[in-house]
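Two complexes are shown next, each including subunit A; its partner changes from subunit B in the first to subunit C in the second.
On to the complex of A and B.
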């Protein structure tokens, strides 16, 4: 019996390896949109930079689609019982692209010196950190001031990229010449960048993970027009379209082409969550019944199906379903114009017109604003759409000069990192469009978010976050719209492209190209 | 007089057809709320419904299920409104400047004409885009922008007419009889320049409609008004899936602009009979 099982297992292993043996070689042709301003990920962290530079730079961990940590530069790690000490053991034999050894000194320099100065989002999390130490070349110890639940979730390449100490120590980081030829530990090296045309990365032959990467090159095509990007894919010029590179109207058509595959995975860590800011400071938005009426009046399923090609899902509240500590045990706002009208009637709304600021990111968002305007007008709220460019949109939100405004925001896996910032009253300040822009104030909510961030066990945190989600969903400080779906479209014979919660941003170390059938 | 005018106008068959099309557009615009009581922004059917499939929506629906034919009817209102108002505004700027320059000549002429050239040297459309972008797109900023880029030809035309008319005997007679400058400009010369102005104005309405459509196409239209240019602009990205979304508003713009041009030609024939006959 035992031998038979063993034989079976061996046969299975043989057969799987025969089918899924990664193929070496080949070039991945990918669209990059828009062209990144820089590839130095320690200085610049916008979307396209993270996508290209995610192949060059790495962090200590990666995350699977349930946001569980997986090894990267750290092979294993321990968290002390009291939640105050995090010990990471680094991989052996890791070299920077220029041949120098990667050691724990680089980690301490990256976190404590470089990123603390340059990376605003990480800096906030680092405020919980008492010290970062390197007891030996392959061990790093983080000591926290108090427990901080989301801490294990910040070791992602875009949040905490490892920066070479031997190149940057003691220099002016922003003006270091090496910023143009980035050096990392990742599976691909920077080769050339012709502005307005392409970025070329080549295989890192000395990569520390055995046999990886499989591809020889990654060629990023800069194509500024959405229709031209679609044509480039159809003509075989590019083989991979990252999320958002073609218009939503085109997604279905392109995904149905021969040998074309589509996946919504790889966005779990970011969980792009869209909503309308409602300016809680002024009438009629200062009345919770009005805000609830807005929720009931919107046909969000229609928006998903007609505008987002059926991708993504209707948001139930402030936390996205892929983010930790999500609960759907909250009041549901299904499309119900009659209920909206009743609420408006009850509060005695006088039909005063409101302004709506669309997100100036192109067609889909403009159409979406038009659809919402129509939804609201049908329950008796006159809406005037105000057009702006990106700069005007930023400015109006930062100055609180709006009634309703579209936006979408990343959640970074944990409510303490990407949710509470939009609802706690301590985060009300002019000048930013990512803080508590709506001006919502609730002491109870403040207290729960504070407690939940530093609670030690996940169970405690879940309980607190469930409570706060219930309160927020009843009060509707902002009008949640959709958990956005940004599908990656690629040739089906390109395998293992998306293998983690940050998708294409995680680098192409596992990807390989099979012979097309 | 009126009978004469009509006789000469109707001799140009194109002009009559143009007038007929324009009247049709005007009527549709006027009774749009009766024909389509629902807002043109209302999502009434599934998106991308092709034309001629449901009798209720003969021209189909757009990317989010709005009735295309209703959009066309309401778009006619916007196009005609923008065309007419912006032309009137540019006449109000152009005629006084041209009249003063042509009548007084000399330094006044030089100053006003250099000022006019300032506007003429910048390409029309580029200037209109800049103006609308600065003042944020709305029906007012669009009308203002179109008027501001359209008046220089009016000023030049009126100046030319004044330059030649002020040499005539009846003007000299008026001067001798002690009439004021204002009276001479207003009562003696201006009425005699009306014919070319009317012809020019009819063409300007057509140009204004095209300008408004182009602005809306680029996303610089009034976001609260359904216009033909907006409809085409919104349909541009889906032209391969849904040809009808850009085709019908395109036809509407084409017919309206063509009609106005035909009418302009007819007016020219009717108002300047000698010129017209020479042409033929």
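On to the complex of A and C.
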């Protein structure tokens, strides 16, 4: 009997420590880099804006690490069998930060009026939408023109933030004064912004999820120098370093400090995928053998271990492994300089030098370009590194003025959202660095991507995407590098910081601070 | 004197417009524009989206029209809107100005007083070990990259000794007010101001030393000595005052630049000043903001040059007569 009681007590203790009660109160000190231009998420969609404003604005759904939808402003939803009608039932008692009620009218306004005008990425998906209607205050019905597989994946705050109709209707959105004091439905409210110094968000006391959020306030610290950000963490000024806050060569040291935890989770939705654009229009890149040789010549595992602190993984093709419909059943390009040389000889490459444009995003990318240069020169491809700043880089890509150029692109969970755009020939147009910049044309690939986007069942889609991945990997329109790992480093006593596929961008509603051990 | 000032002011205004026009053309010659940068950050943008941005910012108009609109605005005291931050440029600049002035002025005072003092000391002991020591130390600070000195200062005084805060303008979220706040800001000011000050100090030190030595060889100093004046009086009244002329010139030139901030120091120490604002605006091709910063700093350079010229007349009687 005694043993049993002791066991029971032990089990109880275990269960309480495993399911610790969240602690209320406290302040989170977080680095934000670079400083966001604005916090109005409907107008600005860059990374830092999404990270801070992800606490202020919300969308209908969230996504777990397997990209399965979870409730947010919508408590439940149905998709009709023909894949054309999506019905969402909204949470009751939700209020905007200024006290007004959030209703289905706000959803219709946000999607159909505001974001259709301002959100470059969403409006491409909205082309599949026939109508958005609000039959009652708490129901929204989306009707599609044809089935669109990835549709259920776009109800994320960065993609479809809910915008208050009562503030923006009939105004000039870009110049509305309220842009400087954003109003959302989220767990934290905007409090103050000292430009160049910090942004303060405070707890939304009227938040509709019982008991949440736990934290009282979040301070976002603007610290422009990477070394200074590392010092800020070491000195205890900040407790959370979002991915990319410190240089990769500092990650191991910082993560090994006392009470320091590191996680790579929270990037599954974005799946940052890096590659080098190869300008398929010009020799020698117009020959697939040259492009394959580039793949074999690069030691991508070295790049991951030496430049990316061992985080992330070698990319196998156009789709990242956390994105839906990924397959690794494709040709593998393992580091093999001899094979590269053989391919170059077979095609009769004359040793013409090529230009390489690094991504102007700091040390790691510069060094990565140098590593690639060395790899390629070892197999006999002379490389000239051309340096630019961000604006110059944008310009060169938009005008196709490059031979090879580093980039990384988010995949947004579905090949139809974040993959096909870079390979279909209908997406070849100057002026954008997000489309088919490499100039690859293949009718078969176009056809499969088109079919896969509107195929109704996941099985059909998987089959089509597997086929297209095989073709692309054989043809190497671009040189895939790594699925990037962006580590979040934080004090171990800050719990439940990353609870969804968009990580810190999902807001801090679940986060709480335990007393440090 | 009044006529002199008025004529100089008119010249300054013309010069300012010329500078603005030149800056405007130079910036637009750089590759990429704010629309492309902003579209690049959006994660997805088609040509239509970029075209809409250009239209919204008026970047689709001919360059000469854009210049006309801009200069017209400036003449009416309107520096325009920051494309990226959607806030009036003047607000952004004047928000940052106090922090920048606090930093650069403190550094300036440190540089000027320590520099001239060290220069006088060194010149009085030419060839002795103290002269060598002062000269070498000053040169060392001048020759070492500023960001490295800054990082080392942080490492020693902030990380290891934990005496001073590593960065920032004040302790964020401390709730300090009044004297406590001033003290807090002062503590944050020490490292960046001293780092920046030491860098400039070397210049003043070298210049004062050289100038003191040069003047001390001149005939009127010999006369003073021949008259039997006390050495301290000769040093102070005759040599120092004359030796200060080039130093004042340099200080005047530099004082104008203070408003432009100190990009490196502000970046390493996360000091929310103009230098950083300008650097970020440049990266993002935020034309209006960049031009605004240039405008304010150019105006300050011109103003301080004017003040220098007036000071000249005070320091050097020969100019007054001429």
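Convention: the second predicted complex is superposed on the first by the 498 of 517 C-alpha atoms of A that agree within 3 Å, B and C clash if a C-alpha of one lies under 4 Å from a C-alpha of the other, contacts with A are read in each partner's own complex, and residues count from 1 in each chain.
As a convention for this text, a residue touches a chain if its C-beta (ideal position, glycine included) is under 8 Å from a C-beta of that chain, and two chains touch if they have at least 3 such contacts.
Because the structure is predicted, anything quoted here is derived from the model rather than measured.
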item: Joint occupancy of subunit A by subunit B and subunit C, clash or fit; value: fit
item: Contacts of A:370 with subunit B and subunit C, given as first, second, both or neither; value: first
item: Subunit B versus subunit C as contact partner of A:253, first or second or both or neither; value: first
item: Partner chain(s) touched by A:179 [first = subunit B, second = subunit C, both, neither]; value: second
item: Subunit B versus subunit C as contact partner of A:457, first or second or both or neither; value: neither
item: Subunit B versus subunit C as contact partner of A:227, first or second or both or neither; value: both
item: First (subunit B), second (subunit C), both or neither touched by A:388; value: both
item: Which of subunit B and subunit C A:146 touches, first, second, both or neither; value: neither
item: Comparison of subunit B and subunit C by subunit A residues contacted; value: C
item: Superposition-derived minimum Cα distance between subunit C and subunit B (Å); value: 8
item: Intersection of subunit A interface sets (partners subunit B, subunit C); value: 227, 388-389, 392
item: Touch list for subunit A against partner subunit C, complex; value: 27, 29, 34-35, 37-38, 43-47, 120-121, 124, 174-175, 179-180, 194-198, 200, 217, 219, 221-225, 227-228, 231-232, 234-235, 237, 388-396, 398, 410, 421, 429-435
item: List of subunit C residues in touch with subunit A within their complex; value: 30-33, 36-47, 49-50, 56, 84-87, 92, 95-96, 99, 151, 154, 158-159, 162, 165-169, 172-173, 267-270, 272-273, 276-277, 280, 283-285
item: In the complex with subunit B, residue positions of subunit A that touch it; value: 226-227, 247, 249-250, 253, 302, 306-307, 358, 363, 366-367, 369-371, 373-374, 377-378, 384-389, 392
item: Sites on subunit B touched by subunit A in the complex; value: 39, 41-43, 47, 63-65, 133, 136-137, 219-220, 223-224, 234, 237-238, 240-241
